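I am attaching a structure below and will ask some questions about it afterwards.
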Amino acid sequence: MYGEKAIELIHELQRAVNGSLAPFNEEGVRQVLEEMKALYDQNQCDVEATVQGEKDRLPAVQFRHTCLERNKRCLLAYLHNRLCMIRDMRWEFGSVLPAEVKYNLSEQEVQWFTKYNKSLASYMRTLGQDGLDLTQDRSPPKSLYVEVRCLMDYGEFESEDGSSVVLKKNSQHFLLRSLCEPLIRQGVLEHIMS
Amino acid sequence: MSEEIDESLENEFSSDEEEVEMTAADVLLKLEEAWLNEKFAPDLLESKVEIVECMLEQLQQMEENVKKCKKGDFRIIVHKMEIDRIRYVLSSYLRIRLRKIEKFVHHTLHKESTRGPDEPKMLSPEEFTFAKEFAESLESNSNTVVLRHMPPNLQTLDKQKLVPKPNLDSYVFLRANERQEQILIEPELEDEQNAEVVDIDAGSQYIMRYRPMGSLVASGAVSLI
Amino acid sequence: MASPSTYSRYSSNSDNYYDINDIIATHEKVPCKVELPLHRLGFLNPGSDGENIRVGTKMDLPYWLVTGLLGRRRRLVSVEPPKYFRSSYREIMSADANIVDLHKMGPYYYAFGTKILSFEFPESEDIAKSLIETYINRFRKVMDGSQNASHEDKNRLTSKMDETERSIYRAGQTSLRSFQSWETRQITKICTSDMVANHRKRKRAVMDEDDQ
Amino acid sequence: MDPSEVEFLAEKEEVTIVPNFSHDEVFLIGGNVGPFNPSLPMKVPLWMAINLKQRQKCRIQPPDWMLVEKLEEVKKQEHDSAVFQPMVNPHYMEVTKLLLSHATDDIPNADEVNTLIKDIWDLRMAKLRQSIDKFVKDQETHARLDNLSLMEINSVRPFLTQALDHMHTLRMNLLTAGPGPTQDS
């Protein structure tokens, strides 16, 4: 039945849970486009036949046109919703996607991600004299300083008064919250409850 | 403490709408109200670019003041905490706007293009640039990946009909800043008996659909909570 | 950019071309009767032998297809309300809506019910009434379920809910959990972002497989 | 919004502290604070009070409503009335949580206060669910909720707004007996 491959793409999206993106279904998209081409070609000859005087072709033309619209909607929704998830990833993973996640993106999606990165960065640079990183300060600030433990060797880290701290695995530090938040979000540091 | 933080922050800020001088504290209150309104309104509200710019300036100034303080000065931590709090409100406010711009990008750009010269702008110039780039990137992705491979009569996208729009009938909580009279709650119900007219007292709190209250939120008569 | 699963404040899902739930809801089948001979569409009806489908044949077709076949100029088919929206089921609903398994009746009961009204059945008015009464009568159970904190079997609670009810239920559960974690002071702990955490778990899982 | 954001707003409430140090006025963007004089009570925003307490620079005086007798009376009124009573403070839940987490030693009968506040909260939340169910059953389109605190509103917000949004869609069906054809046609 027409439209089956298209709805399969949508079910695939629905199965993705909290941002885990499946690989781009190149084959599925290709098959839907092929189905559309076949439907369009058949419609062309039925329209041609009707012009020649055939009378019983119009129901099929109407049917195929409906299937074409359906396939188009599913394809565009498949692309659009994947871009929604890739957009969310920028805000969760940061401007560089981990390799395994990036592996699931199509080439065009990677290009889109780079474009999004660039326009987001240039927008944020316009905020105030030296820009405002909107991907930080994601929850209301609590006490100014927090105690953290390193989950891995990270090396030099410059604290707010210019002095630098060496972050070795399992070492513990008392750092300015707003400076170490990004490292906590990335899983480099762990916030130890006071 | 060798240097005092000399100039007080009572610097005068005059915004063009009303001529009254607004203190930094007033601007901060306005920013917080704009933040909550934006957070709860389903649609994108007017740009408060002057308030944002003023606050960014204040933060910049305060951060410089704090750098002048000597290590261990009592005020460093207090100023830094306030700076963190204000920066949180600012970035949360701008994030919420950005998300709405992205979610309704074609709708927003269309609405902005139909606004009169005297009408207040929805987008700041920088937001407008971001929105255009974002809309363009969506379109080029759809075009390159699927649309150009489709039969000729299907290759265009009717942008106005098919694009996501904010749900203006969403329910919101609000508080009236001033008394409002004769507010129509269900304007689009033709049968009269369902169309309710309500008087709202100052300070009262309500839950109702956003649509009838949208203009009152914009004018500041009510605030979303 | 709403991620697919969250309820978003689009102007009601059916208007949103990209909404996954709307696309899936419109895939649901609708009972039709052929009004004009459907030449060369025999494959649509597995029962029919020849190339065409005779007038009067009854078939179940997806909602999205039926709206196309009903096109402006010529109505190729006529439509009847799907089984679960007919008077017999409507009576069950008004008797005791709470015991009914709405998920079995097509997970998008309210959304699909709203959609089929566009076919303007003679009993569209009654269907619309039944939909809202069912929603209201089941509301208390959905609300109480969403506010209960006990970890007893959650899907026993939600198994009979349709997708709209489950979405509301989830909204209640999420705000309950975030209130509880606020109350027990988890909030000051800044955590690794969920995505990073999930991604790390999956990575570890992959590595475990490699080790075997 | 997240409860931590409601708490963030609550931290702007003023509380009385008794500093143990002296310092002249501090010029904040949000307004001036101080001067600070040892053992002279003064008002500061809650977020600052908590920070100063953490740094052992002050004692916090409990708000006048944070007393066992007062809260028992409030609890009784709430229990005896079907209607929401005006609250002792618009942020009573958050202020109590913050003070009992960071300044327990400054709050007499801290445990009892905590239990009373929780009881009052539970009473009001049960009342809130009751009125929501009635609101939906009567198919109301708006409701006045003057005495509800922001944290109470916030705890039902996602559930209630979404439920009412869907109800609005179903109610629109009664009028138009079905929306126009959808995107596919």
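Order as written gives the chain letters A, B, C and D; numbering starts at 1 within each chain.
What we mean here is this: a residue touches a chain if its C-beta (ideal position, glycine included) is under 8 Å from a C-beta of that chain, and two chains touch if they have at least 3 such contacts.
Worth saying up front: this structure is predicted, and the values here are computed from it rather than measured.
Colleague: In terms of C-beta pairs in contact, which of A-D and C-D ranks higher?
Modeller: C-D
Colleague: Compute the centre of every chain as the mean of its C-alpha atoms, then state which one is farthest from the centre of chain B.
Modeller: C
Colleague: Cα centroid separation between chain C and chain D, in whole Å?
Modeller: 36
Colleague: Rounded to the nearest whole Å, what is the centre-to-centre distance of chain A and chain B, using the mean of the C-alpha atoms as each centre?
Modeller: The mean C-alpha positions of chain A and chain B differ by 25 Å.
Colleague: Two-or-more-chain contact residues of chain B, please, as numbers and ranges.
Modeller: 59, 77, 81, 85, 88, 102, 162, 167, 169-170 - these are the residues of chain B that touch more than one other chain.
Colleague: Could you list the positions in chain D whose residues touch two or more of the other chains?
Modeller: 2, 4, 7-8, 51, 157, 165, 183-185
Colleague: Two or more other chains in contact with one residue: find those residues in chain C.
Modeller: Residues 1-2, 9, 12, 15, 17-18, 64, 67-68, 71, 187.
Colleague: Of all residues in chain A, which touch chain C in the complex?
Modeller: 1, 3, 7, 10-11, 13-14, 16-20, 46, 56-60, 62-63, 65-67, 69-70, 73-74, 76-77, 80-81, 83-85, 87-89, 92-93, 98, 100-101, 139, 142-143, 146, 177, 181, 184-187, 191, 193-194
Colleague: Per the contact definition, I'd like the list of chain D residues that touch chain A in the complex.
Modeller: 2, 4-5, 7-8, 50-51, 54, 183-185
Colleague: Going by the contact rule set out above, which residues of chain A touch chain D in the complex?
Modeller: 66, 69-70, 73, 139-140, 143-144
Colleague: So in the complex, the part of chain B that touches chain A is made up of which residues?
Modeller: Listed in rising order, the residues are 52-53, 56-57, 59-60, 71, 77, 80-81, 84-85, 87-88, 90-92, 94-95, 98, 102, 126-127, 129-130, 133-134, 137-138, 141-142, 144-147, 149-151, 154, 157.
Colleague: Which of the residues in chain C end up touching chain D in this complex?
Modeller: Chain C reaches chain D through residues 7, 9, 12, 14-15, 17, 22, 26, 64, 67-68, 70-71, 110, 114-120, 124-125, 128-129, 131-132, 135-136, 139-140, 142-144, 146-147, 164, 167-168, 171-172, 174-176, 178-179, 182-183, 185, 187.
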